[in-house]
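Each of the next two complexes has chain A plus one more chain, namely chain B in the first and chain C in the second.
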Partner chain A sequence: MKKIHSAILMLVLLAAAAGTAGAETLSGLQIMEKVYARPKGPDIQSELTMTLINSRGSKRVRTIRQFIKDYGADEKKIMFFVAPADVKNTSFMTWSYGNSSKADDMWIYLPALKKVKRISSESKSDYFMGSDFTYDDMGNRLPKDDTHKIIGEEKINGEDCYVVESTPKNPDYFYSRTVSWIVKGEWIGMKKEFYDEDGELLKTLTINSYKKVNGYWVITSMEMDNVQKNHKTIMELKDVKIGRGIRDSFFTERMMKRGIK
Partner chain B sequence: MRQNRLITAGLALLLMFTGVSAVSAGNISFSGYVRNYTGILVDSDPLDYSQVQNTFDIKADYSGDMGDLHTEGFVYLDADNNLTAGIRELYADIYFNSLDLRIGKQQIIWGKGDGVFITDVVSPKDMSNFILPDFDEIRIGVTAAKADWYVGDFTLEGVWIPVFTPSVLPDSHSIWAVSMDFPAGMTPSIKSAGLPDPTFKNSEGFAKLSYMGSSFDVELIGGYMWDDTPVPHVTKFVPGMPPDVTVTPEYHRLSMAGGSFSTEILGVIFRGEGAYYDGNYFSIDPDNLQTDLIAGGDGTLQKNYLHYMAGMDYSVFGINLSAQFVQQVILDYDSRLKNDEYESTATFLAAKTFLNETLKVQFFGYYGINNGDALLRPSVSYSIADGLDVTAGSDIFMGDSGIFGQYNNNDMVYIKIKYSF
Partner chain C sequence: MNAFGKLLKFSWLIILVVLVITGGFLYMIKTGTHLETNLDKYMPAKNPAFVYSNYAEDLFNIRDGIIVAVENPDGIFNPGTLQKIKDLTKDLQKLDGIDKSDVTSLYTADNIVGSEFGMEVNPFYSRVPKSPEKLNRLKKEVESNDMVFGRVVSKDEHSAVVIARIKKDVFDSTFYNKILKIAHSYEGPEKIYVAGRPIVEGTLGKLMPQDMKLMAPLVILVIIIVLLIILRSIKGMILNLTVVLLSTIWTFGLMALFKIPVYSVSTLIPIMLIAIGVAYGIHLFNHLELFLEKNPGADKKDAILDMIKNMWKPVMMAAITTAVGFLSLLTSQVYPVKYFGIFTAFGVMGAMAFALVLIPAGLSIFGLPKTGKFLGQRKLDLGRKPFSHRFAEGILNHKLMVIVTVSAVAGISLFGLTRVWIDSSFLSNFEASSSIRQTDKFINDHFAGTSSFNVILGSQKDDSFKNPAVLRLTDDLQKSLGTLKVVGDSFSLTDFLKRMNMVMNADNEKFNTIPDSRDAIAQYLLLYEMSGDPETLNSVIDYRYKTMNLTVQLKSDDSRSIKSVISVINGYRSRFADLGISINFAGSGYKALVFSELILKGQVTSLLLSIVIVIMLLTIMFRKIRIGLIGSIPILLTSIVNFGVMGLLKIPLGPTTALISSIAVGIGVDYAIHFIERYKEYSLFSSDKMEVSRKAMFHSGRAILFNAVVVISGFLVFLFSIFPPNRELGALVSLNMFTSFAGTLTIMFLLLYMSNIYFSKGDKK
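Up next, the complex of A and B:
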């Protein structure tokens, strides 16, 4: 099961291809499947910047170069940490398996230890690099894992949206439900609310900007607000390249150790 | 001697900086850290410092089309203004389609164990401060030629070390010095260890075949090397005279073969590592030394041994947990030896972060099962700002004997402030 994906992949998957005919008759599941099934390109590379802002307004910045390659249902991703300085040259690799129950394979390379370690992929609820995004938030959760219901229609930033409530089939999932605002016809997720296990609003995800790159929708700026901790993360994508042809040999221990120069 | 070493290190650092400044600055990146590390021995009266150390560490990397150049230099300055400087690594990488070459002084790390050295025997260790420093400071770079050949998910690595580099042992006046035990009344005269001649015949060679793929990772390794620590050979000073002895530490050839693996099962990482060592020298127990010398022995016996580890990593409620069991078994055991036939150690790690990963609480412990001794290492780290961290912790030794219990009087608390750039 795919579990950890980059922000760009999440954004690309949240964005959706056109397809308006009969949209009014779609079910909640069909809407979320359109969001999930949107073509995302054979490979993606970008620079990801996360700005973490705490309740006092102080900022911390994390910068990552990431490379993702699509293998049909499967996917490989490698991330090179650029900043801050104390994590520079750390790298992180994931092989995800979409059409099977097999757990992701994940490795981390720590330059101080100079070795690649296999790590557990069972930490979906952990927050990524101290941000307000969990590993699961950054992945493309399968629509069949939730029960979806259209609970309304609203306009956001002038865009007509479906409002879809998604309730996990697994009662132990760390969100009790999520609510997504999906742009009609474009199938882009413009906003998402996450509710904790007690049913209280925990976080709100807001899309600030998105654009087409090489024919694929990519959201280039979004913000996750943790309303309970009064902490937020702004995630921005720069230098996005799609379909440049990343070699298979890029997703290996060799590249984790060598790093990106 | 020390002055010469400092001059050499200073020249090397100078060359490093002038060298890198000569090439295009656009392809060079610098990184490193500045750190103060101050520790207090809590059992001392009056309280004494175990460590007052200022560190400057700098790495410079130059990237070219075919490869990279890397160098890392360090300077340690203590409270008495004693300066130690050196080059931790200085090497060139050359990349081909499916082959990488790394030539120069480098740290080479093998194995799946954490905090233990089983198949991780290519780079020697600096044990001046026992195993307390960070591991990149414990490992000593070796001048070597390393080649990695990649075929799919397999990698074949070969390492040639032309000149042997030994581990650094604690100074005899250090709180980490390891005393050699002798029978009562026996007065040893201890010689210094002589290094093997720097000839081709005395070079070291290692090979590793590794697989990293879906489901599991595996390494198979072999090495023909020198034991990084010398073995004390004891001879009677004057036969028939009072029991004075001469101790001559010697380095010995050693062969090893082994492997390691890691895999994930139901969210738990399982790791294993093991090696067979052929022809290691072990010391005779002091109680049996006199008898051994009379019988013509030299206080040592050559034995083969196994060294292995099984470990697991798990995360629950955001707490990262890790446990390892490590055991050394001397084959064809002789009861006169100082080491036990089976020597077992367990390690345990628990770590959790708070406040968006700015606060980290960690506990790492070693427990020596044979002697009931332990080293407990709790610590708390806080990131004041990006790159600026402060760590407070303690190193607590428990027991009366054994590798940890021997330092029972060295319990300390410390604080480290580190700025990374």
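Up next, the complex of A and C:
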């Protein structure tokens, strides 16, 4: 089952809580767990603008309003298309079930059809909405699925970073390895490289800007470059609100049909 | 004594110099020759049709596909065969020249399925199903999905294909061998078939030179033998052959020097040079023999000087006219053809120079051939009229018959001309029984087709292809195309939308249609992007939804099939135009067709141009416009018969066959000049037209006959080639030689005779 996790979720995942664990020598795994184990807030809403740029420089721009609520291990999310006009009010809803083996539930509402439909797909290595992000890239991969190794320390944008190489335990995984640049102390990923099955660089993720909202780190602009396909995706978040309290009844088929104004 | 005569004193030096230069050119050929096999390099890059096609090919990643079919007579739905399909797919994906996403098979295909409950886009399988239930479920899923059933799995379920689109400019013989090796490693118990345009091209590129290597020595051998029979002199044979050989070496050496690559049409250069070059030597030897016959015991030097004195002019005129004729190919838009024209012209001039310099030099060093041995010579004394005399009289006694016969031949040829068809097919280069044709037939019988043709629908406005009216018209066009026998299938955005519309409406066949509203289409497309592989859509629609790619699968790559498709599409042009949509074509099959037509058009233009040039040159050389007109008859007749026979015998016009008609210019004009020159010379000494005719026929006619016999017998060897195009080459060259010969000695001779040129009112004694 395909999982839809919001860009925000990923941003939050990448941006770890401030404050160090104290110990000076951290293992690769510990670093990645710090990145993963961060408070993300009870709920988050924002406007996501996704710009897809193909090798010829043509662009597709999509604007989505999204709402996510944390239910402990589980998570519910609903998103509404704002633009382009011909897909306005198309909505998606995902209920994902954290660590349990239960597959995600996923619905789509197409206004032209006036019906809510369930959709599904097989793999987490599928791309999210035609972008260069897979569902896994969006942040739901558990640190324990990979083995991690610190391969160096580097300065990026004036920030001291650990360089961590992660190799999947399952050799059939989509990537042969990834390399992350994690800001020391803040535990935000600043950059990540993805290598394909043949060990060649496939994609580079770059964080352009991030800020604190209600005490939580949120990355507000990032870019994924698929260097092999010469295709890229820019994701920008605006109007981010955390902890405003979203009602449970917001994540329902009725809401999908109703849409937002 | 003219310049050529003076050169005799330096015979050794001349031979030495020529050999040194030849050595230099041989070195150039060895080090600098570069074969150009990439067909894209042949096409004029700036031609709008190619520019557009290349643009569309990049936009939609339209590439020639290699099709590997896996056949299992017990059906493909068993773990073994499914595993092979998966492994083969993965092997091909790993190849350097193939993008991972450019391999299509049951293993990679998206299965858009639906139910009351929703829509899913899944692979058909990732782990190979083993249990009977799972296998059966897969079978059911394939059968119920039009997007794969009949497309990647045959309807009898005995075979499945793996299609790999290869990147631009990576196909070469190494790649070809690698693909075949990989594919055939999966043989047994399944049968493996490999087809597709690159494979056909690759096989051709491999077998054609092999065949040439086998045929060329045989051709030369036969020419050697026939030259020996005719000249009865080893010296003569060697000198004649040397002229041809050296002109070829110099020509290819010069090409290497200028870094001009050797194209496939360049293989016609030696063929032209053999046909034309041999003529010069034969005419010289013919004259020499006749001189020695008349003046037995003549001094070597006198004999050679007389030969030069009498023959340098016609040989030179013939060569210049021929060369200028070939230069008319410069009007072609196609560079390989231009080069063919320039370098053949150079080679012809070279052959002329070698004939006029090397043959006298060689004779003066190695001595004259023995007299009285020349074929047809011995019967001279027997009191019987020589055949040439009887022939000349026969022609003149049957004027009407000659004219009627020639007119009939020309008439039939003109009729044949209307039936000439262009073919840019690669496959037709092989016998129907050849394994490559059989493979192709197997895949065509079981799947949509091995050839594809791309229709590019374009609009100025973004989102035009979300308009239901446009998509319905496209769907309608696809249905019309589907009625053509040659069309196996067509595929475009409409197929995705119809499938999704049906799936989203509980698999109800009633909804296997284009959705009604623009929004619905946009939403389906969005849905597909979210659920499936977005790359799949990139090959049918551009990013802005303003250009769409409709792929038509054809069961044949011949030009008639492509043209039948084009004509159906053209019927839709105005309706699409009403919706603001323009139609263009793309793909290698289409480019090959345009290319062939360009070559043909160029060839016709340059033939016409060269005829005009020849008329002008002959008029200047002989100072009579009537000679110009009469002298051009052999060329004209040869060209008409050449194309007429092609039409009648259904020999398709392709780049090579079209260029063979150039031989008409080369040979036709040579024969005309030699004959007219002889006729003119003899008319200076006699006012008896019949006498002059006999003599001209005896002297020149005989040389013409010998030349034709030598070349025809050599080229008939090609009839034994395993390759239809090489057989056609042999037949056409022989035919052209024969027509030129027959045309010169019958109708041209007759008209020359009847025109009373050189005999006006007793001004000659």
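Here, the second predicted complex is superposed on the first by the 251 of 261 C-alpha atoms of A that agree within 3 Å, B and C clash if a C-alpha of one lies under 4 Å from a C-alpha of the other, contacts with A are read in each partner's own complex, and residues count from 1 in each chain.
Going forward, contacts are C-beta pairs under 8 Å (C-beta built on N, C-alpha and C of every residue); 3 or more make two chains touch, one makes a residue touch a chain.
From a predicted model like this one, the values you see are computed outputs, not experimental measurements.
Chemist: Once both complexes are superposed via chain A, do chain B and chain C end up clashing or fitting?
Modeler: clash
Chemist: Going by the contact rule set out at the top, does A:253 touch chain B (first), chain C (second), both, or neither?
Modeler: first
Chemist: Which partner does A:119 contact after superposing on A: first (chain B), second (chain C), both, neither?
Modeler: Both partners, chain B and chain C.
Chemist: Kindly classify A:54 by the partners it touches after superposition: chain B alone (first), chain C alone (second), both, or neither?
Modeler: both
Chemist: Given the touch rule stated above, what does A:83 touch, chain B (first), chain C (second), both, or neither?
Modeler: In the superposition, A:83 touches chain B alone.
Chemist: In the overlaid three-chain picture, which partner chain does A:130 touch, first (chain B) or second (chain C), both, or neither?
Modeler: both
Chemist: With both complexes overlaid on chain A, does A:108 touch chain B (first), chain C (second), both or neither?
Modeler: second
Chemist: Quick one: classify A:169 as touching chain B (first), chain C (second), both or neither.
Modeler: In the superposition, A:169 touches no partner, neither chain B nor chain C.
Chemist: When the two structures are laid over each other on chain A, which of chain B and chain C touches more residues of chain A?
Modeler: Looking at chain A, the partner in contact with more of its residues is B.
Chemist: Which stretch of chain C would you flag for clashing with chain B, going by 487-495, 595-603 or 703-711?
Modeler: 487-495
Chemist: Do any residues of chain A touch both chain B and chain C, and if so, which are they?
Modeler: 52, 54, 60, 84, 86, 107, 112-113, 115, 117-122, 126-127, 129-130
Chemist: Quick check on the complex: what are the chain A residues that touch chain C?
Modeler: Residue positions touching the partner: 2, 52, 54, 56, 58-60, 81, 84, 86-87, 90, 92, 107-108, 110-113, 115, 117-122, 126-130.
Chemist: If we count contacts the way the header does, which residues on chain B are in touch with chain A in the complex?
Modeler: 27, 29, 31, 33, 61, 63, 68, 93, 95, 100, 107, 109-112, 134-136, 148, 150, 153, 155, 210, 212-215, 217, 262-264, 267-269, 271, 313-315, 318, 353, 356-358, 385-387, 389, 418, 420-421
Chemist: Which part of chain C faces chain A closely enough to touch in the complex?
Modeler: For this pair, the touching residues of chain C are 59, 117-123, 126, 463, 466, 504, 515, 517-524, 526-527, 529-534, 538, 542-544.
Chemist: Please give the residue numbers of chain A that touch chain B in the complex, ascending.
Modeler: It is residues 52, 54, 60-61, 83-86, 88-89, 95, 102-103, 105, 107, 112-123, 125-127, 129-132, 231, 249, 252-254, 258, 261 of chain A that touch chain B.
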